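Let me give you the structure first, and then I'll get to my questions.
Each chain carries a letter (A, B and C) given by its place in the written order, and its residues are counted from 1.
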Amino acid sequence: MIPTLIGVVLLVFFLFKYFGGDPAAVLAGKQLTADKIAAIRAQLGLDQPVIVQLLIFVKQILTFDFGRSWSTNEVVSNMLVNRGKVSLTVMAQVWFLDAIISVLLAVIAAYLKGSLSERLITGICTAAMSISLLLYVVIGQYFLGFKWALFPVMGWSESFWVNVTRYSPLPVLLMLAVSIAPSLRLYRTFLIEELNQDYVRTARAKGAGDHRVMLVHVLRNAAIPIVTNIAMAIPGLFVGSFVIEQVFSIPGLGREVVLAVDRSDFPVIKAITVSLAMMTMLANLGVDLLYKWLDPRVQLK
Amino acid sequence: MHSIQSRAADKGWGLKMSDDVLLDVKNLQVTFRLGKQERFTALKGVSYSVPRNSVVALVGESGSGKSVSAMAIMGLLPRANTEISNDSQLIFNGVDLLKESEGELRDRCGKEISMIFQEPMSSLNPVYKVGEQIVEAICLHKPMSKLAARKRAIELLDEVGIPQPELKIDSYPHELSGGQQQRVMIAMAICCEPKLLIADEPTTALDVTIQKQIVELLMKLRQTHGMSILFITHDLELVREIADQVVVMHNGVIKELGEASAVFDHPKDPYTKALLACRPTLDSRPIRLPVVDDFLQGREGELPKGERARGVLPTDPIVLEVKGLRKSFTAKRGFFQKEEIVAVKDVSFKLARGKTVGIVGESGSGKTTLGKTLIRLHSCQGGEVLFDGKNLMALSQKEFQPYKRRLQIIFQNPYASLNPRFTIGDILLEPMRVHSILDSDKDRTEHAMALLKRVGLAESAFFKYPHEFSGGQRQRISIARCLTMKPEVMICDESVSALDVSVQAQVLNLLQELQDEYGMSYLFISHDLSVVKYISDEVLVMNRGEMVEFANSDELYHSPKHPYTQKLLAAIPGRGNH
Amino acid sequence: MSMNGTNTRSASFWIQAWKRLLADPVARICGCILAIYLVVALLSATGLIAKGWNDEVGVSYANPVFAPNEPNPEGDTSLIREDASVTDDETKAIDPLAPKYEEIAKLERTNADKVTVLQRLLPLGGDKTGRDVLAKTIKAGQISIAIGLAASFIAVFIGVVLGAFSGYFGGKVNDALEWVYNVFTSVPYILLVLAFSAVLGKGVGTVILVLGMTGWTGTYRLIRSEYIKHRDRDYVQAANAIGASHLRMMFLHILPNVSHLILIQLSQEVISFIKAEVVLSFLGFGVPVDLISWGIMISDVRSELVIGKWWQLASCATAMSVFVVAFSFFTDSLRDALDPKSSRR
């Protein structure tokens, strides 16, 4: 875990250090003078040896103080928290609904295993998951938002409740349209894999009916990979969907990343990358603990 | 009870039913749909009956349909692609199970008929405690509180011989040994006092000593609970010990059926005769094992008479000498600690030229690890293996390379040991290419063809892929692959264990012929004591990585010195009958 | 089993899989669709069709033939030529086309004499600058498909090589490669892509490289676990006992046994990379604006939709969706044919 974090830090650092061009030049913008560049370089610590720069970066990570954005002069760590909250508002709904709906549908699909309707479900899923999110978003926004005016076309407010009730439903709906199909297919294979296990035969031999076999025996075992999969999605909730936030003008982290990359705002990109990596690692740790709780066979090292 | 009987009278009207028949299987015909057009008839009209309070054994090789008939009784066959013929009847206690609704069948399963399976580990649900699983079985059929059911579960665990049942009831299946898992399965099966217990190869996955205990337990429970057992197995010697009646099946057809003593002592059907004869026994060692074809073609009289003499004299030349071999694995514990797990410790023996050393032991005894370590498929952590005056363990990888062709191995699983994407030709040519045996691929092909013929396969096999061959044929291909290198020592790692009895005899005969012909030495690793007795000149017994006893095979089987060897030999089914 | 003496090589795994694939009607239909796309893409790549995708051939928002009567005020005014505009220094500093001013001026001079008759109707309509949507869609398809294919070859190649080494050797090699894998996967994928493209700049080559270099992780995991599984199989042990070298065992023995998975993976990655390209281009980090791809088309059409010009979206969305959906179904059929035991059904 720690080595991975070190790896991410090194990756980000050297990626921007050696391929990212001269940040001073980016910062100075149009008014490019030698003096100014030198001043900015000194201010950013770029005149220091590489190892010192790396240490500065590490210190920033440890203190969660990434300095200020080059383009907006905002404090980066505040930005992370504020934008992250916005992304989370949308994504938490997507995450929650996706988990419930896809597990439910997967169980139904597993019941129908081998039948024509099951083939139909998987076929629709395959088609639905193949089409690009972009098309859902563009077409959905046009019809549901613009043409039929069922939802606001775009926007965001300061109030959490207004956001949840007014601005987020359409993005959430569109994201679900994309995310349910792959989850459903995945969970269905988990369930069917379990259905083929020997203990299912034992349960039937005991006299357990179809529902008992599915809900008590199979689902409990399939829950291990399903819950893992759901938990692993948590870090992504903070960054949100780049496309959705861009199209619906939702001021979340995803849109911030796009803006930052567009403006070569490296402190922001570095901060987001590293903190998400940390989040991913925490999620991994959480999943390990979850595993221990879900699967009695697993012993923590 | 009354309603069942009156219904029995309804449905059983006109049928010849005797009161002491519990289950009557009549003309059972089962077909599986494999594809759009493909059909496979697993049972071609099978009829037998199970009397009350008796043990009926269904015996047969793989593909005989013996398990299918049990699954049909339990309604466990996959509904979507199974067709059971309309003429078939499964009369249990006067009721035709095939005409019952899904719900009625489910009520009956686990209550009046229950079943245990071959793999106890995978047959138990891994995420529930064994207690919960037994309680579930009880509560499905009896109106009982969870607490009362739990009390009953503890009693059951005690009855099936689980030590400390109050403690073990809260274990998960993986925390129990294989034998204990099967005991839990049995406890679950008998919890509602069934009239019929179907045991589908219940001991095949277990070690011989555990097998003995489980069989004894089942026989005891049969007595105390007054139930019948339908015992499905491939092991004839086991059947001889326990069964009242025997049903011999082959390719979905019943070959012979009757009282156990009659079937064993005076088999009528040639197939039954062959099955009984081709399995090596402890008390005789024919020059060549009879095979099924000998009987089916009426050639059993033409078998060479006489016994093969086994044993090694001190003057026999030694080809391989193992001194104090040790193999251990390191497992990580925590962040920095490492634990050493010793798989083989301090094993020493000598292998004489043209002779066979049998290595026997139960699972986890380290016998397979020993074999693989000898030819450096595993590294070793001490000891010497002397071959041709060199310590093989001390050679560098490069120095060892030429020795690889002189020491070869045949694995257990004939389905896994041949590369599925290679033709048999590729498989046979590869070792010759690697070791530059013969000058051109043309010569190599000729040689490979000759070897295919030698191991009893057609030359056309050269162009085929492994999946087109049966298990026995694949083992022949593995043998041919080794022969391309003319090895001096061949390690047979459970090489016949996965094969059916009739095929086993053929492969054993082939191995023996090749030894006589080429003077190879074999290291024959197996858990099957009868087979080892048949093929080996000397036998090495292993237990938990340690060498327990090493002696000439006749001597070892006749008068075992070590208590473990004695225990092992006593557990062989059918030993008491000789 | 027939043992007759015909000395013909019997059907290999691939021939059998091919037969299974052909027996599947879904695979046949989808295969035909994909073949048509590939042929069109090849024709476009060689310049035989859609060469003039960037030419102004119609009036602004020329109507498609299937909707000739939609009102088109923009098209009517677009026939009036604008005067040359004067650009000030400040615009020059920020205009990405600034370096090309002279080139543009030269083109303007050479083309000044030519009179192009602008069409009011185009097969699938025209866009704002009067370009033919059909030609655009074809050209965009060619580029998107090329990016998807090239990126997936790179990604799968990296994944297979690293996965094979990690799975086969285990130990320290595995530890090191697992570390790299963890680093790459602990950063959300799209963020990684953006980070890479932020430093590598823009261009078709960059998109391919970025997608390939970040998209290998799934293949790596799959191949690694397969190698771990196969490494201990008896047939590999037997090869080892025979004296085969490590590379021989890795690539001669094990690789053919996982090659069908590689093929499935390859076709899966093509789909996901085409979708990734669309998103990247849409966000402005993919294909540069002077080229065209399905992603760029979609980002273009958002402003058109508001004024009711739906045909560019319709044609590019249809073209893209048909391709990707057909490819997905084909991949599923491919998996069924190559890996019949897998539990998709």
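Just so we're on the same page, a contact is a pair of C-beta atoms (placed from the backbone, for glycine too) under 8 Å apart; a residue touches a chain by one contact, two chains touch by 3 or more.
Fair warning: this is a prediction, and the values are worked out from it, not measured in the lab.
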Quiz item: Of all the other chains, whose mean CA position lies farthest from chain A?
Solution: B
Self-check item: Chain pair that, of all pairs, has the most C-beta pairs in contact
Solution: A-C
Quiz item: With chain centres defined as C-alpha means, what is the inter-centre distance between chain A and chain B in Å?
Solution: 50
Quiz item: Just curious, how far off is chain C from chain A if you go by their C-alpha centres, in Å?
Solution: 23
Practice problem: Give me the residues of chain B that touch two or more other chains. | Solution: none
Practice problem: Would you mind listing the residues of chain A that make contact with two or more other chains? | Solution: 114
Quiz prompt | Residues on chain C engaged by chain B in the complex (per definition of touch) | solution = 1, 3-13, 233-235, 237-244, 248, 253, 256-257, 259
Quiz item: Inside the complex, what are the residues of chain A that reach chain C?
Solution: 3-5, 7-8, 11-12, 15-16, 19-21, 30, 114, 119, 122-123, 126-127, 129-135, 138-139, 142, 146, 189, 192-193, 196, 235-236, 239, 242-243, 246-247, 257-258, 261-262, 264, 269, 272-273, 276-277, 280-281, 284
Quiz prompt | chain B to chain A touching residues, read off their complex | solution = 74-76, 80, 103, 106-111, 114-115, 117, 119, 122-128, 136-137, 140-141, 172, 174, 185, 188, 332, 334
Quiz prompt | Residues of chain B defined as touching chain C within the complex | solution = 372, 375, 377, 401, 404-405, 407-409, 411-413, 416-423, 430-431, 434-435, 457-465, 468-470, 473, 478, 481, 485
Quiz prompt | Residue ranges of chain A touching chain B (in the complex, touch as defined) | solution = 114, 197-199, 201-209, 212, 216-217, 220-221, 224, 294-297, 301
